[in-house]
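Okay, so subunit A shows up in both of these, paired with subunit B first and subunit C after.
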Partner chain A sequence: MAVTRINIGPVHPSTHGVLRLVADIDGDTVVDVQPHIGFLHRGVEKLVETRMFMQNPPYMEKLDYVSPMSYDEVYVAAVEAAMGVEVKERAQYIRVILLELQRIASHLLWIGTMCNDIGQMFTAFMWGFQDRDMVLNLLEEAAGGRMFYVNMRIGGMVRDLPPDFADHALGLMDYMEKRVKEYERYLERNPVFMERMKGVGVLSYDDAKNLGVTGPVLRASGVNFDARKNKAYYVYQKLHFSTQVQMAGDNLARYKVRMMEIRESIRLVREAIKALPDGDALGMPVKLILPAAKNRISIVSRELPRGECIMYLVADAQKPYRLSIRSPSFINLAALNFLAKGQRTADMFGIMGTLDLVMGCVDK
Partner chain B sequence: MTNNLQIPFGMGLNVTSYINSPNPVYSVGGIIAFAIIVAIIISIFGYIFGWLERKMIAKVQHRHGPTYVGKFGILQNFADLVKLLAKEDIIPDSAERTLYIIGLPLLVSVSIFLVLLLPFAPSLQATNFAFGILIIFVILSFTPILLFITAFSTSNKFADISAQRSVLILLSYELPMILAVAAVGIAAHGYNIASIISAQSNGIFAIFMPLGLAVLFITMLAELERPPFDLREADSELIAGWLTDMSAPYYALSLFLDYSRMLLGSLLITILFFGGWEGPLLPPIVWLLAKASVISIFIIIIRATTVRMRIDSILKFGWKWLLPLSLINLVIAYIIFA
Partner chain C sequence: MKIERELLKEKLAEMKKAGFDYLEKITAVDYSDHLDVIYLLENIEDGKEEIVEVTMPADDAWVPSVMKLFLAADWYEREMSEMFGINIVGRNAERLLLEKWDGKQPPLRKSFQWGMPYEEGAK
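Then we have the complex of A and B:
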């Protein structure tokens, strides 16, 4: 059969934003697929060079609109490292709690969009969004915003946690534990779902390392790497959690890694709330003239919901001289061509779903 | 059956006896009356299930569904229909104009024609072929071909892929489906619809042949291209599948097509396995439509829960499971009834 070239996106139901794919399809088999990116490019890396350090977090949050606080935190951590500022202990715990909540929210949204990609009639999508909404309520209590928070400052937080936050969070974690079980019962007992996930888009241990994929995609291929453990930061080494690794490397493994990560995050939030020390959590006021950090270089690595994000910052007094972002979605998108080749057309979208791409994160 | 004078809905009208009357005026009048009644049934059923589907799926997804237009949003579909029909009809330059225009109306008329071949009550049927059920299944298996032509006429790549898939899955379900029908034929000693229904007066075939019912239900989902077999309209892959390059009025027609085919499929399952209009107290047409409605509700619930199957797994499933099961069912039917 002749090879047909089809154009998918940038406006398409399952490209999650503005990804454009040009796919060569032979019958129903994908021969080649080339991602075309840049439709959401805003030049953030250049933009931040024109602004003071603490004017930039709002830009960082728009990079990944599914887990904005995580990106915010990477940038603030990079600035802190360049300044040589130590984060207050209570603020470290608060950051861990909020980041893990953000991870839960991000993974819940992922379940929904992934199920949409493999052809579900929006049921898991709606469930995921409703549960994510509850996490957002909690984040709203803590940070004042539902989508974009900007609640990190150099050395700490903008505000401390509200007094009844701990009770609300622990209550939600109990609920979330039940819901994760329900999702698993609902999806994994469905033979059609298992058929679509098992053995599809297999990424072997070596290929995963060679392609440089990160995050859940990497761990689903058997590579035991989690920046929270391997490049321990904040109080993560004091808390108890395990890196979720699956050996199969297929869609199902990527799904399982994320489901288990929700569980681990629930565990982390509970433990961090119990261990939350008293004291001051507030960071430096924005208007304070920061210690001059001319030509200081910092490299920070953080485990975002989508994978490891590395920020390289060269500080120039009050502004970044250069900020380079290694965004996890961009790295994982590079694996799409490798994974989709030789697969069925329908599976190409399933694989794209399990890579968990956010176009803001890809295009920067 | 013709001398059965049961009255549908107390209308005081035995359409069957009019159609069969030697007087051509009565006969033609009877056919017209039958066509009008069936058109009303299809429209009301399609409308109610169009609304019910939205409401039920919303319930599964913890949403409200339509609420604003009319009580419980019952008029929402009507509002949508008006909106769709009022939109501009854009025909792409690259489209095959004639086929593009007649394709969908032809598909709709074929599915309405198939419903017209079905009996709704002893006193409400137009035809009484000796091989009635086979004729219906033969014509039904031509609809993917018509659909292929319609999709091909839009000369859109997504429509092409969708049409190819639609014809390809024909390979997997057509044979088990006909074998499930053949088992019913063995059990009823014939393929006449009225005799299939009367053969179930002592016990519906669903009790004796649950395998056959399962096979027919699954293959009917594939025939209607409802989830998990909705490869034709795989929205996350093919945007809107065969309708990608069709404008709003055609979309409205396609919805009508989907619901009239859902009625057809539910009626066929009811007649073949649930004893058609047989039932105590209520008039036969009420029993028939009530049973068909329950089956349609099952079809809708499946849509709300499952993910889409892949084309190769549908083919594998058809040949690995459905075909052997339908053969076993054929043997069971032979042992019990022959």
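Then we have the complex of A and C:
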């Protein structure tokens, strides 16, 4: 049969952004698929070079608008490393709590959009958004914003946690634990869901490493790597959690890794709230002119909800000379062609769903 | 570690055999008079990281492609060649991000001129 070339996009509702795919299909089998990216390219890496250090966090947040606080944190950590500033202990705990809440929110949104991709229309989507909204309420209490937060400062936070935050967070974690079970009962007993997930888009251990995929996609292929463990930062080494690894490497494994990560995040939030030390958590006040950066080059690596993000910062005294961002979605999308080859056209979207792409993060 | 670009492929192949088999990122920095290309490699089993740097004059920017060693290099090389005007020798690194851009002014070079109307850039 002749190979047909079809154009998909440039808009797809579940990609959290604008993506165009040009796919060659033979009957219903994908022969080749080329992603065309760049519709959301804003030149962030160039923009930050023209601004002082602390003018940049809002740009960072717009890279990944599903987990903005995580990106904000990586950038601030890179600046801290350049300036040689230690983060206060209480602020470290607060950051861990908020980042894990952000991870839960991001994964909940992912469940919804991924289920849309594989035809489990709208029930999971509504559930995911409803629960994510509760997490956002909590983040709003702590940071003052629902979508974008900009609540990191050099050496600490903008403000301390509000007094009743701990009660609210622990209450929500109990609720979330029940909900995760409900999600699993609802999805994993659904034969349509299981058939679309199991054995589809298999990525082997060696291929995963060779393709450089990261985050849950890497761990679902049996690679035991989590930057929170392997390149421990903040107080993660004092807290108890385990790296979630699955061996199968298919869609279902990627789903399972993320579901288990929600559980681990719940555990981390609870433990961090219990261990939260007293003291000061506030960072340096917002000023354009900060103490000059001591280190010319700093490399900071963080585990974001989508995978490992690395920022390579070459610092001038007061502003970035060059900021190179290794965005996790970028390299995960690069693996799409490899994964989708030989699969059915409809499964290509399921695979794309389990890669958890945010196009702002891909295009930069 | 700093290395000559002629020896890059052999060195990376050696390191891959020694366990650094996960390519995290290829990126470049423009220091006006010279360019640095940086390869971040990771040994996943024991979490060690290695940085390989290649320095080159700004007006003679090329590096050999390492795509045969690491598939991950594919998009990073394309991105780098587009953003810094670095030639990737040994493969066809077509454009990735900026469509309808003439590529005469690589955007992340320090010599990039701001405020040029889009039409002039796209000619």
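Keep this in mind: the second predicted complex is superposed on the first by the 356 of 364 C-alpha atoms of A that agree within 3 Å, B and C clash if a C-alpha of one lies under 4 Å from a C-alpha of the other, contacts with A are read in each partner's own complex, and residues count from 1 in each chain.
Keep this in mind: contacts are C-beta pairs under 8 Å (C-beta built on N, C-alpha and C of every residue); 3 or more make two chains touch, one makes a residue touch a chain.
Owing to the predicted nature of the structure, the values given are computational and were not obtained by experimental measurement.
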| item | value |
| --- | --- |
| Side-by-side fit of subunit B and subunit C on subunit A, or clash | fit |
| Partner chain in contact with A:Lys319 - subunit B first, subunit C second, else both or neither | neither |
| Partner chain in contact with A:Ile25 - subunit B first, subunit C second, else both or neither | first |
| Contacts of A:Gln120 with subunit B and subunit C, given as first, second, both or neither | first |
| Subunit B versus subunit C as contact partner of A:His168, first or second or both or neither | neither |
| Which of subunit B and subunit C A:Thr4 touches, first, second, both or neither | first |
| Touched partner set for A:Gln130, first subunit B, second subunit C, both or neither | first |
| Partner chain(s) touched by A:Asp347 [first = subunit B, second = subunit C, both, neither] | first |
| Touched partner set for A:Arg196, first subunit B, second subunit C, both or neither | first |
| Distance in angstrom between the closest Cα atoms of subunit C and subunit B, superposition on A | 24 |
| Touching both subunit C and subunit B, counted on subunit A across the two superposed complexes | none |
| Touching residues on subunit B, where the partner in the complex is subunit A | 57, 60-63, 157-158, 160-161, 164-165, 227-228, 230-231, 234-237, 239, 303-313 |
| Residues of subunit C that touch subunit A when the two form their complex | 21-25, 27-30, 38, 40, 44, 47, 49, 51, 70-72, 74-76, 79, 83, 96-99, 107-108, 112 |
| In the complex, subunit A residues that touch subunit B | 4, 6, 12-14, 25, 27-28, 115-123, 125-127, 130, 186, 190, 192-193, 195-196, 344-347, 349 |
| Subunit A to subunit C touching residues, read off their complex | 36-38, 41, 43, 45-46, 207, 209-212, 223-225, 230-231, 299, 308, 310, 312, 314, 321-322, 324, 326, 330-331, 334, 338, 363 |
